[in-house]
Amino acid sequence: MENKIFEPKIVAFVCNWCTYAGADLTGTSRIKYAPNVKIVRFPCTGRIDFMLLLKAFGEGADGIIVSGCHPNDCHYTSGNFHARRRWISFRSLLDFLGIDTGRITFSWVSAAEGAKWAALVNDTVSRIKELGPYTDYEKVARYYEEEVNHE
Amino acid sequence: MNEYQTIAAGLLSSGTAAMVIGYSEGSAKRVRPVFFTRPEEASTLVFDSRCVQNIAVYLTKKEIRTEGKIAIIASLPVMRSIIQLASEHQLSEEKIIVIGITPSGEVKQFNGFDALDAYVSSTTIEIEARYREKIEQVEKMTLTERWNFWKNELSACFKCYACRAACPMCYCTRCTVEMNQPQWIPVPSHTLGNFEWHIMRAMHLAGRCVDCNACAEACPLGIPFNLLTKQMILQFKKDFGGYNPSLKGLNILSSYLPDDKENFIQ
Amino acid sequence: MARIGVFVCHCGENISATVECDKVAQAAAGFPGVVHSIDYKYMCSDPGQNMIREAIREKNLTGVVVASCSPRMHEPTFRQACSEAGLNPFLCEMANLREHCSWVHEKGEATTKKAIDLVRMMVEKVKRNQPLYPIRVPVTKTALVVGGGIAGIQAALDIANGGNKVIMVEREPSIGGHMSQLSETFPTLDCSQCILTPRMVEVAQHPNITLYTYAELIGLDGFIGNFKAKIRKKAKSVDEKICTGCALCTTKCPQKKIPSEFNEGLGKRTAIYVPFPQAVPNKPVIDKDHCTYYKTGKCKICEKVCPAQAIRFDQPDEIVEVAVGAVVIATGFTIHQTGFFPEYGYGRYPDVLTGLQFERLASASGPTLGEIRRPSDGKIPETIVFISCAGSRDPAKGIEYCSKICCMYIAKHAMLYQHKVHHGKSYVFYMDIRAGGKMYEEFVRRAITEDQVNYVRGRVSKIYERDGKLIVKGVDTLMGAEAVEIEADMVVLATAGIANPGAEELAQTLHVSYDGHHFFSEAHPKLRPVETNTAGIFLAGACQALKDIPESVAQASGAAGKVNILFSKSELTREPLIAVVNRSAPPEYSTCVGCFLCQPACPYQAIEKEEIKDRSGKVIKTVARVNPGLCQGCGTCVAFCRSKSIDIQGYTHEQVLAEVMAVLEND
Amino acid sequence: MNIGFYPGCSMQGSSPEYNESVQAICSALGISLIEVSDWNCCGATAAHNLNRELSLALPARILAHAAADGLEEVLVPCAACYNRLKMVQHEIGADRKLQDSISEILDEPYQGNARILSILDFLERDVEPLLAEKIMKPLKQKIACYYGCLLVRPQNILDAKRHEDPQSMDHIMQLLGAEAIDWAFKTECCGAGLSVSKTGVVAELSGRILDDAAHRGAKAIIVACPMCHSNLDMRRKAIEQHRNKDFDLPVMYITQAIGLALGIDPVKLGLKRHFVPVNLEL
Amino acid sequence: MENIHSHLGHSANGLLQEIRQQTAVNIQACYQCGKCSAGCPLAGEMDFPPSLLMRMIQVNKPETDEKVLGAYSMWVCLTCNTCSSRCPMEIDIPRVMDHLREKSFTLGKTNKKASPIIDFHKAFLKSIEVNGRLHELGLIVYYKMLTFRLMQDVMLAPGMLLRGKLHLFPERIRQRKQLAAIFKRTYKRRKEQEV
């Protein structure tokens, strides 16, 4: 098991109208990319709760992608602007806590940017591969499991 | 009797206020919050540097709300809390008289929120130097050092929620930690859950925290989690020009500017 | 207990070439709650859909996951199939095995494993789905058209001719807007009033149109299909029902020197006045600010001379409330006045005019009866200079955008001038000629080649007056920026088109967004150019951005079409994927604490305050409520709610969290 | 009332009458001016043409001295010096890095907070309200107020109102009883910095100004800048030769005009120093 | 053979970029309306009126940059700010002119016709460096030495003297050493920058 090549687990939180559609376009254009990323679909980046990112890390994600419509292109006019403010503050908070924000890729990918989606996934995967498995956060979780088992 | 005692006694004896919330001498040279309804009690009111507990927290309690008109001895952080709570529709103007005591010791009675709002808006939230230094110290650490620092600090937390109880802004009738469908935050206290709790708390106070320190003062273990909200206040100043509790302004996270600046979205 | 069916599609070979579909189906069969799992060549084909329908009936499924293509492709298909078999369509989810897996990864174990993970996610999600039902909203089939210029007129007529009622509100005493001020129109040079006035009359006479002139919209509540509009009808001081429109009063009024708005200040009007002879309605109003009686309490000459005794000095403003199902905003634009330009004399030279003033000079119904004459001394100008981009493309002082219509009307002005003053010399200072439009470029060429208009490429730096001449200091950038100085008799500035004053307030009244220049914002710059981001409110004409007449008319007809579609049914059906604030039993009623920080975050003003009252009617609690007519389902409020009291149907906390857990489940 | 005062080289060199008239009206109105200690030249056009750092450092030294003297505001009557000081304040004030760099050159920290008053700011605020009662000899002529470039541009930095058609001098002249004409060359350039090196250009530019003022019936030109004055007055012969036309049009500083109206002796106002004699029956 | 038909260059460190970096003026904002040239009182004297100069910088080619640095335009520019006060794009042309003058002067690429103007500026600065304040007579004498325009303005001098407008002896400031040091430091910096 130890010798197995590290394949990071990455969750992508994307909006329905731009990035999800962009990833569809990557498919219809048959552009290949790494299979490590799995997409959770949301109506809008404005819907993405910061708690979900924490839960993903807590459940063992090695990396996270958050992506939506470019500024001014939001299907709902301003959801992505709200999201941007949320990420600006959340990201600096995580950094202050010593949680590696390099493991979260924030991006704008439009419905026309199929190639950008593929590149984004590949970049993220290779970056996370370099960083290695995210154990910091998981370890504190495991510590708990061990303790429970101990009892 | 001094000025605020006289005002408090007057309000109670005239029946203008049904209750005065303030501080009085407690045990072991500490002050305790008091809820006076009789004018003669007013002479035991105290106000000094020991009065750090944010008594605005009581204003949203159901027991207090039904009491009629409340007067409150309010330090600047308490005044800020009142304005913030008012902007969140938690307090009604007719039911509160603020006997404000400014940082310079001046006693100012506010009968309406507009005047209080104007006063609060004329001040700004400044993070004390000792906390700024501590924050800088943490920021200068490497990522791993920071992680270890916080892991160490937060592993101690046993989720007594004293911080939540002390905070006037934590007035939700059902806190997210008490939600079990889905269970956002695990009930037992372990480091991961503690992280989640404190991150969530900081995010929920984003743009709302009045920096009164009541949470940290309340923590039985002295965990410096108030650095999180303080760091956010400093960061907001850099990113969005800062905030001040106000009846007119918008909350930092429920508003935006089309040209908000960031450098990390690819 | 959940009874989930999983249907894995090969999509011919589109999926099965890289994903081992049978293995996916096998793995899914082992997921908790899955009672049926198969794979098939084409799930979207008739036999495929039948397999789903049969399984629902036979195995009593409580949820369906179709693992095939993108939900953006076939979600409606499969939801329909489920619905036909008696399963609520919102209990069907799709795992995107094609666009997000088979097409983008190489064949191999990892790809099949990812496909299994994607199916697991959707199984976990669908277990938490709730049956949802489309939202129905009744529709009031009356449209409110705000603004009676050419765009408003067109929209109103189209809606009315579609069989629906229209209420038109116009701020001025007459409808007609800027188009009624124009002399001729480009590129055909036909007379503006000749084509416009019949339509104005049609509006007034149409049985489906109610016209309120001299009136303003002061409030709008409600939502698509169900708005309530508040209109202030300013007192005209004339009983319209009795007035015959003889206009005798206007000839006797002693206040004769009021600058005429219709003539852009180049002519005068009286205090009781009809803005122009072809006005609709053709009945006078009293301008209270200038009327001698209203100012001094004495006069009443109009009352004395009125043969019909229609003058009513004590008439009050009237506020009417109307129920409407849709709103068309057609409030138009205005222009910078000459006083805006320091370097062109701050408006102190009477012979420096705006384009709209020149229209009045050139118009047969204008103050000079169509002869081009100088306002200062009535002389016919021998040399005339037209300056384009006065204020436009000038972020330093004016606006950064191009006003779009000026290049064309300048060419028209120069042409009209040359046609009327044969020996005259005309110059146009321009930077670029923007003549994109049918027959537009040809029109400009004609001005240059046939009518001898001198086009000079460069901007004018200064105008000053000397001995009755206007010295125009420009440059010819095509001659190496050589100085060009012209002694002109008249200068016409193509001043920038800007949003109407009050547009900002109106936008706030209507809760529609507007841009930095106070033009109303369309819902999507390309695909939804006539809608606003508030459902049921549409845009027509120059209030959205500067446009010429054909474009305004086209957009107005577009808006009218949208309104008529909306009115084609008596009820509106909407997908139920909207936000909901929870409700629970007393004494809590809801976990919402009513902080309303979600309110400013909602792009649609869909969050309302709801007062929860006890039996005696006393308010116990004020909590948030999402108006299902307004909510578009973005979910921004959901992420913002601290107590997690708002959830969004179709993307609930439980659903998305289950998806995240399922992705990361260890195997 | 104590106001700092920076005369600048011109007022001590080629335009002593400007200084004399400023001093004369101030003492007549009871306003005292405190000269900035050991002031230096602002560097004028030469410095910013050849040496940007010097063009910032020289005015910065003046500001530093004003600060050391405890002056909160400084009146700078010379339009050129005023313009340089305002520009430097604007540029350095907005740029931390530049501030450090200039402090290094000065070898002392940059202190540029003194409020710089132009002669027009000063007259409008401090002199205008006192005038009504003190006017002894109203000036009844048609005059042309000439502002030039340096008092009005860049309009944003100088906060110039109605910069293409300024009015502050016109108002004052009207208060003094004169008729201020509307004319076209109020803010055109006279050629200033080229007066020695390209005299021909100056003759052309200044000539146009004189021509328009004379053409519109002005009997005098009122200025507030030593360069404008010297170009229109001292170089009159050259202008007249260049245009082949004589102008009977004296040029006065606005402070001289105020002085005359206040009844101050023309000699004390330096009116005898002009090349074009001033008709005292104005 | 590439670019053979194109007059447009692609310098990565031409005047265009340099001016953007050092003065924060973005010349690419210019859309050649010509209003600056139309209002410029000196445009007639210039070899390239301001708008043309902006275009040449936009062209962004070493050859045109050379032409710009050797231009006469900036030396007759009087910084009257008429151009920038009316420029629709708020391009600070006077600031660009300052930059061009200093650069052209430092690199010794100044236009020959400009030497009297430059000599005058030099003489002016010399006078300040020595005295701290301008000494007009000294300035004129020094200028005449530099330009050999011995007779120019001779006719003015007696009149000026007579009217107290020309002083035989300079006014000097007290801290002349300190001022001289300021001059020296700026020269030193320039030398360092050249290196």
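Labels A, B, C, D and E are assigned to the chains in the order they are written; within every chain, residues are numbered from 1.
One rule holds in what follows: contacts are C-beta pairs under 8 Å (C-beta built on N, C-alpha and C of every residue); 3 or more make two chains touch, one makes a residue touch a chain.
All values reported here derive from a predicted model rather than from experimental measurement.
Undergrad: Kindly list which chains stay connected to each other once subunit C is removed from the assembly in thought.
TA: Drop subunit C and the rest splits as A, B | D, E.
Undergrad: By label order, what chains touch subunit C and subunit E together?
TA: D
Undergrad: Closest chain to the protein CA centroid?
TA: So the chain nearest the centre of the shown protein is C.
Undergrad: Would you identify the chain whose Cα-based centre sits farthest away from the centre of subunit E?
TA: Checked the centroid distances; the maximum from subunit E is B.
Undergrad: From the centre of subunit D, which chain's CA centre is farthest?
TA: The chain farthest from subunit D, judged by C-alpha centres, is A.
Undergrad: Counting C-beta pairs in contact, which chain pair has more, C-D or A-C?
TA: A-C
Undergrad: Compute the distance, rounded to whole Å, between the mean C-alpha positions of subunit B and subunit E.
TA: So the centroids are 60 Å from each other.
Undergrad: Report the inter-centroid distance (CA atoms only) between subunit A and subunit B in whole Å.
TA: The answer is 33 Å.
Undergrad: Approximately how many whole Å separate the CA-defined centres of subunit B and subunit D?
TA: 57
Undergrad: How many angstrom lie between the CA centroids of subunit A and subunit D, rounded to a whole number?
TA: Chain centroid spacing, subunit A to subunit D, equals 65 Å.
Undergrad: Residues of subunit E that touch two or more other chains: which are they?
TA: Residues 82 of subunit E each touch two or more of the other chains.
Undergrad: Can you list the subunit D residues in contact with two or more other chains?
TA: Residues 163-164 of subunit D each touch two or more of the other chains.
Undergrad: If a residue has to touch 2 or more other chains to count, which residues of subunit C qualify?
TA: Answer for subunit C, listing residues that touch two or more other chains: 343, 462, 601, 640, 653, 657.
Undergrad: Chain pairs in touch?
TA: Here the touching chain pairs work out to A-B, A-C, B-C, C-D, C-E, D-E.
Undergrad: For subunit E, which residues are in contact with subunit C within the complex?
TA: Against subunit C, the touching part of subunit E is residues 31-39, 43-44, 48-52, 82, 86-90.
Undergrad: Which bits of subunit D are touching subunit E when the two form their complex?
TA: Subunit D residues touching subunit E: 9-10, 12-16, 38-41, 43-55, 57-58, 61, 104-107, 149-150, 153-155, 163-164, 187-189, 191-194, 196-199, 201, 205, 234-235, 237, 272-275.
Undergrad: Quick one: which bits of subunit A touch subunit B in the complex? Just the residue numbers, please.
TA: 50-51, 54-55, 58, 71-72, 78, 81-82, 84-101, 105-108, 120, 136-137, 140-141, 143-144, 147
Undergrad: Along subunit C, where are the residues that touch subunit B in the complex?
TA: That would be residues 588, 591, 593-601, 622, 640, 642-645, 653-654, 657-658 of subunit C.
Undergrad: Which subunit B residues qualify as touching subunit A in the complex?
TA: 135, 138-139, 141, 143-151, 155, 176, 184, 186, 188, 190-193, 195-196, 199-200, 202-203, 206, 227-228, 231-232, 235-236, 239-240, 252-258, 260, 262, 264-266
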